[in-house]
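In this document, chain identifiers A, B, C and D correspond to the written order of the chains, with residue numbering beginning at 1 in each.
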Amino acid sequence: MSLPRNIKEQFPLLSQVVNGHQIVYLDSAASSQKPAAVIEAMNDYYRTINANVHRGAYEIAAQATEAMESSRERIAKFIGANSANEVVFTKNATESFNLVARSWGGQNLSHGDAVLITDMEHHANIVPWQILSAELGFEIRWIPLTPDGQLDLTSLDQLLDGVKMVSLTAMSNVLGTLNPVREIADRAHEIGALVTVDASQYVPHFPTDVEDLGADLMCFTGHKMCGPTGIGVLWGHEELLDSMPPFLGGGEMIVDVRKDGFTANEIPHKFEAGTPPIAEIIGLGAAVEFLESLGMADIRQHEIQLTKYAMNALNNRYGDELTIHGPRDPDQRGGVLSIEYRDVHPHDLSQVLDQRGICIRAGHHCAKPLMKLLGVGATSRASMYLYNDESDIDALVDALEPAGEMFAL
Amino acid sequence: MPGLDDLYKEIILDHYRNPRNQGELDSPPAHRTEGFNPLCGDEVTVTFEISDNSLSEVRIAGHGCSISQASASMMSAAVKGKSIDEVREVTRRFKAMMSIHEEEIGSEASEQTSDEVFELGDLEALKGVVKFPVRIKCATLSWNALLTGLGELEG
Amino acid sequence: MSLPRNIKEQFPLLSQVVNGHQIVYLDSAASSQKPAAVIEAMNDYYRTINANVHRGAYEIAAQATEAMESSRERIAKFIGANSANEVVFTKNATESFNLVARSWGGQNLSHGDAVLITDMEHHANIVPWQILSAELGFEIRWIPLTPDGQLDLTSLDQLLDGVKMVSLTAMSNVLGTLNPVREIADRAHEIGALVTVDASQYVPHFPTDVEDLGADLMCFTGHKMCGPTGIGVLWGHEELLDSMPPFLGGGEMIVDVRKDGFTANEIPHKFEAGTPPIAEIIGLGAAVEFLESLGMADIRQHEIQLTKYAMNALNNRYGDELTIHGPRDPDQRGGVLSIEYRDVHPHDLSQVLDQRGICIRAGHHCAKPLMKLLGVGATSRASMYLYNDESDIDALVDALEPAGEMFAL
Amino acid sequence: MPGLDDLYKEIILDHYRNPRNQGELDSPPAHRTEGFNPLCGDEVTVTFEISDNSLSEVRIAGHGCSISQASASMMSAAVKGKSIDEVREVTRRFKAMMSIHEEEIGSEASEQTSDEVFELGDLEALKGVVKFPVRIKCATLSWNALLTGLGELEG
């Protein structure tokens, strides 16, 4: 089964006209577009059952609670969690990482310990550890990369020495690289370390099963998977989450507050302080329902085909003038193409493409250590999702040439 | 929607292709200051020498988009040999032009002090950048770095 | 000027029918309803300019950034801030408090110091301090209450001794009490302490000026002021925010990340890690625009009138059988009525009212220390907002009697 | 939408107005266990004595809504004098009835073990609570507290 041909019609934004051209949206790694069903689900919530959750005995409050908690169940199933209690709602993947670092790290890390990350991590999986390490004095270590942008695991044993947490991305948001999470997780577990997976670029595009991945904790974000802004997820094994101290304090996360202290609530509520992003949780539930209706395996197939098509088209047309960072084989990577084209600076390239309604991202993609390694300040990144098709790629390919002329040195 | 021609004027592309005053002066004795654009990763290093209260030498290094490179090159040409006060004045004017409300500010200011020295000249070509707010930081990157460098001297 | 008579029509949810009755929503202290304009603003964002902000050079990303930042400016003006840079977006008021406690508190508090709060605080302004105090060993002190639910300031001088931060609510979400924030702030400032104001129940209902309040920091939440869920605000004086270390780490809050550490961005971005709640910020901007169009002074007048009406109606009808907690004078309190009626337990009362479509809240309202002081496990709370009218109050008053009969002991 | 009569059956209001086995036993020697409902502030304290593997005495204290009070009172009547195994079985059945899918679970279970001792009797009156999911925690509060208490005994 492939995806419906007219799938773009379900995304209102994709019919927008920008600078006289129907929009060509190739920036889904930064944020995806939203199907009407997701926008409508949030509308419906606000129009019919909007009320604060968990604490209200009246009808619409009960319905809001029910809608929120059934979203939690749907999301839990979607990622192969054992129970909805394993799904903690945050505001974005970044908060999820801060929760892990502060709560688990604060309890378990000290001088002499190490946390192992990789050279291709997003700042969300770097800075929270750096903040904590400045306080607690543990070491942050980095798995290096091979020249084609894969993890270089030749020294993994040495790197793992003294490591208590391995925290790595399942897929690079710059290189498209898919990492061997399971293999690394197995080796981490052998020495008693835990594994946190950054699935921000993975859950939106792949059938995901937390047990298959071998993760102990996993972070992802709603707005990259057809969901709204303002919602992220931390998944963790029940016993592990149970053992972790609270992160943010306030309402919802307590069973009792006395002047001399408080008693934390059970998971997942223990980690959800204050009024939750109720509409956003419901929106993310609708996004998961939408993705399930298409089928994650079909979405992945579609993206492999399109990545293959794009890599061929770019290489055939521009040969040596163009480099695509990361793995060559479209089966071994996601639909994220960081492109170097002649001497055109990414900012200029994306500006020129914008004149044709083509949206790509120019920048460091919140991966500055990786930029340094690549020896660039920024890359031009085109990234795909289920709603892109060959016409989008054709538009991109055609638009490079005039940009190249304009900025020829 | 303004077109690309408003942004990429020929003179800008010329400065981009043939940047003036490229390189780095040894520091010390030269002063050195850096600027980052966290949005796009652009970096600029400005080194300069002061003698007799003037910017006797200036060099630009770093990497960035055509706008940040051209603006740095144009800046180097505009400030080289000027007195510190003059440098500050041209910077003030340039930044006023780059602020979203440039029209008003720009015209007011030029009525108050209509000294020839302070005409922006070639720099006027960068005026179109204001229509592309995301790029304003590209154009002002080197100017802000220079200002920081001058500030450090004094303080 | 009074509020438009047909204001309810602007709130889609208020035309819902619950259990055969048009809904009577009296739970705005928990969360307010949303005008169509706010729901539409978020819709429009998702349908026309949805894109990640700050990092995109293309048209819709620039528009999204512009929409988000002009919301920030609007909100800054709305509370009398000096600059939009003083407005930090969080996910709710609770996160704002955690930010203050962790960032400012982590840097400034240690053994021997004290933080002064009050007996009427919401858990959001208690638990973050308790978590931090368990780590750093400072003391938490409480301003006591008078019998009619006002702050008892007779011992304020002693209480202030050694205090570095006074953190208090401008209005109680249980008692409706308006606190003399300015007076307390002035006395706190005299001894060099800072003042954080919980304005979660204040900003939605009163013309607010941070300078008049005498606040150094102020926390409030979007969903109680006609805005969406998933968005809160921390306001602070520019120099103070500048001096505070980052809270959450990740994208957006840095200017540079190296393997050996990071350089934090300027305020407000320093405190906004990860993809912000873009749609929600735009929604909150629309909410502020809506509130401004009515006029905060008129909203306050409306609520005084309605509170007066409600207190009279309840007292006249039920006399000794009914107690309203908190100050007697409607001019001196907000439109929040915590009611004790005969022996009816709040949960039972709200259940019975729900049968008539009347939504009130039964519970501890996230103020357990206050509940203990009042000697109850929970209260029945009816709370008003700009869209309520006398017919809502009449419905409430009429519904109490049958509930009383049913649960007579 | 179920009506209030489904929830507030006469027998429930009777237990609410005239709670059975009220008070607290001295502990020790009695065992003591507590339950909180963080949603509404309800609190229950269950004290009980075990002799000969039976719950020889039980007392209920605390405060809460009619449902939590009535359920605690009905529980005390249902478990007093029963063997620990019987207590566990009636608790299991009660909680099954209180789970959202009670219909299926309830009927299956009763076919498997149709022993007279385990009939829920009066407790059946609480069945209507399931239609008001927010109130389920009220009804199960005392039962969960008792279960916790029994669990602690066993170590």
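Everything that follows uses one rule, which is that a contact is a pair of C-beta atoms (placed from the backbone, for glycine too) under 8 Å apart; a residue touches a chain by one contact, two chains touch by 3 or more.
Because the structure is a prediction, the values reported are computed rather than measured.
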For chain B and chain C, the touch-path distance in steps comes out at 1
Per the definition at the top, count C-beta pairs in contact and tell me whether A-B or A-D has more. A-B
Chain C-chain D separation of Cα centroids, rounded to whole Å: 38
Using the average of all C-alpha atoms in each chain as its centre, how far is it in Å between chain A and chain D? 45
How big is the gap, in whole Å, between where the Cα atoms of chain A centre and where those of chain C centre? 31
So which stretches of chain D touch two or more other chains? 1, 39-40, 132, 135
Residue numbers in chain A touching two or more further chains are 19, 55-57, 59, 61, 254, 256, 347, 351, 362-363, 368
Chain B residues touching chain A - in the complex, by the definition given at the top: 1, 3-4, 7-8, 13, 16-17, 39-43, 63-67, 132, 135, 138
Seen from chain A, its contact residues with chain B in the complex are 19, 345-348, 351-352, 355, 362-364, 368, 371, 376-378, 406-407, 409
Spell out the part of chain C that touches chain A in their complex, as residue ranges. 12-13, 16, 18-19, 23, 27, 30-31, 33-34, 38-39, 42-43, 46-52, 55-61, 91-95, 97-98, 101, 122-124, 126-128, 130-131, 134, 140, 142, 221, 223, 228-232, 246, 248-254, 256-259, 261-262, 273-280, 347, 350-351, 353-354, 357-363, 365-366, 368-369, 372
Chain C residues within the chain B interface of the complex: 54-57, 59, 61-62, 65-66, 254-256, 265
Would you tell me which residues of chain D are touching chain A in their complex? 1, 36, 38-40, 132-135
